[in-house]
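Multiple structures are listed underneath, in structure tokens.
What follows is a pair of complexes built around chain A, which joins chain B in one and chain C in the other.
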Partner chain A sequence: MSSFPVFGVAGSGVTVYRKWLDAVSDNLSNINTVNPAGEDAFQARYVMARSVQYGEGIGGAQVAGVELGDPNGRMVYDPSHPYADAEGYIRTPDIDMASQMAQLMMAQRGYQANLAVVDRARDAYSAAINVGRNS
Partner chain B sequence: MTETASVTGAALMSAVSGLSARSRAIADNIANIQTPGFQSRRVAFEDAVAKAAGSGRREVTGHSQALSLEPTRMDGNNVNLDTETLQSIDTGMRYQLALRAIDDRFGVVRAAIRTMG
Partner chain C sequence: MSIQPIGAVSGTAPVAPVSPLSAPLPPMDPAATAAAGAEFAGALQNAGPVQAAGGVGQATVGRLDQLQQLQATADDLAVQAVTGQLADPSQYTIAATEATLATQMTVALRNKAVDAYSEVMRMQL
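Now for the complex of A and B:
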């Protein structure tokens, strides 16, 4: 990745945003997952990004790790539920749908922005390759 | 082909053949994106070309294949579509650049022939 470094840098961003999209979709798909009160709730996934120091590598971003949300979740009173304990409580994940939808939009925009960079860079590099030719 | 008789010509030919091997590897990786246990392949040739050109050898160098170090998914597959797509674009641009360089070298010969005529 030395002659066309933009592809490597933008590509690292694309991968980070795709993993963020994966995490948000995992959180949303489990937003109604109920566990018995005695077990941990589904823990939301939070993708942690960090920058790659320019000069150390080609620059760009990478996923530093995935942090998990609160295992305690929220206790909900639903005595008719099969998982309800003696007091009638079940454990649901502590995931806010509005926040997840906002994250979904941010991840999608970031993904598209990085791909737009790739498109612009490809046009620019094409012009550079064809410089000095009148065809 | 007499074009490979020079160090630059040999290096350019090595680059073109290495890049076409890389294109094939990327196509193979993308084709196997859902194959359980498939490990993505990477083609390397740049270091070999640089070494051959640096020591003034006028021969077309080959390429080597290695497995990608991307994280592996649960099904044993580690093809990352983002990486493969961007590698494909990058390889395409490099291929164009190498072909332009070869074409320019022939352009010099063409100009010389015209001048003689």
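Now for the complex of A and C:
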């Protein structure tokens, strides 16, 4: 049992948001990935966060798993594309850029918020440790 | 009024010599002695300062073990960070912060204990 449990809790939050950032980054990097109409499209990654040992007084969050988006994607008519099928369609991922950018902001702010908790906790603990030092 | 001179001591009774014991002292009861000893030992055990001094020392040793573990974790993460194996630099910085705070707290507690001991040793008897 650590003397400073807040670091474990905030650290778990940081990890969750970092994985969310990774997922958004994966989605954005594949937003223009094209597959032939006969294959599944790139499936968006959605990070599922859960609380650690819910209800037992031990805080923190963890990534319970990654859910995948719609494998059907969107059919786009682009007959000049090398992957186009006989009717001229290709399959692009069903990822909304605006939604991904909003998630990116949320993940970034969540990451920063957890690190702010670490910083504030350090200041608070330092003050507690230094009580009475100048007497 | 004149001061009366002190008169001579009229006479003192002679001191009686110590009479010898009429009967030898009864031997000590071992059971009673043991009970008294146990009671004294119990009082020693319950004496706050003695127990607290040992408690602080042992607790400090325990804290040092804990501290060493935290420092080892931070060191491992530092090595992983510089070798590019660390997924997130915050893992290292958080661990280093925790190790620093634990060090400061252990040192603060040790200083407090030593201060208290010195204060007691300076006491004039």
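Just so we're on the same page, the second predicted complex is superposed on the first by the 128 of 135 C-alpha atoms of A that agree within 3 Å, B and C clash if a C-alpha of one lies under 4 Å from a C-alpha of the other, contacts with A are read in each partner's own complex, and residues count from 1 in each chain.
Methods note: a contact is a pair of C-beta atoms (placed from the backbone, for glycine too) under 8 Å apart; a residue touches a chain by one contact, two chains touch by 3 or more.
Bear in mind that the values here come from a model prediction, so they are computed numbers and not experimental data.
Of the two partner chains placed around the shared chain by superposition, neither chain B nor chain C is touched by A:V76. In the superposition on chain A, A:F4 contacts both chain B and chain C. When both complexes are overlaid on chain A, the residue A:R18 reaches chain B and chain C alike. Shared-chain residue A:Y125: touches chain B and chain C both. Of the residues of chain A, those at positions 3-4, 7, 10-11, 14-15, 18, 118, 122, 125-126, 129-130 touch chain B in one of the two structures and chain C in the other.
Within the complex formed with chain A, the residues of chain B that make contact are 80, 82-83, 86-87, 89-90, 93-94, 96-97, 100. Residues of chain C touching chain A in their complex: 66, 87-88, 90-91, 93-95, 97-98, 101-102, 104-105, 108. Per the touch definition, chain A reaches chain C in the complex via residues 2-4, 7, 10-11, 14-15, 18, 111, 115, 118, 122, 125-126, 129-130, 133. Chain contact summary for the complex, chain A toward chain B: residues 1, 3-4, 7-8, 10-11, 14-15, 18, 118, 122, 125-126, 129-130.
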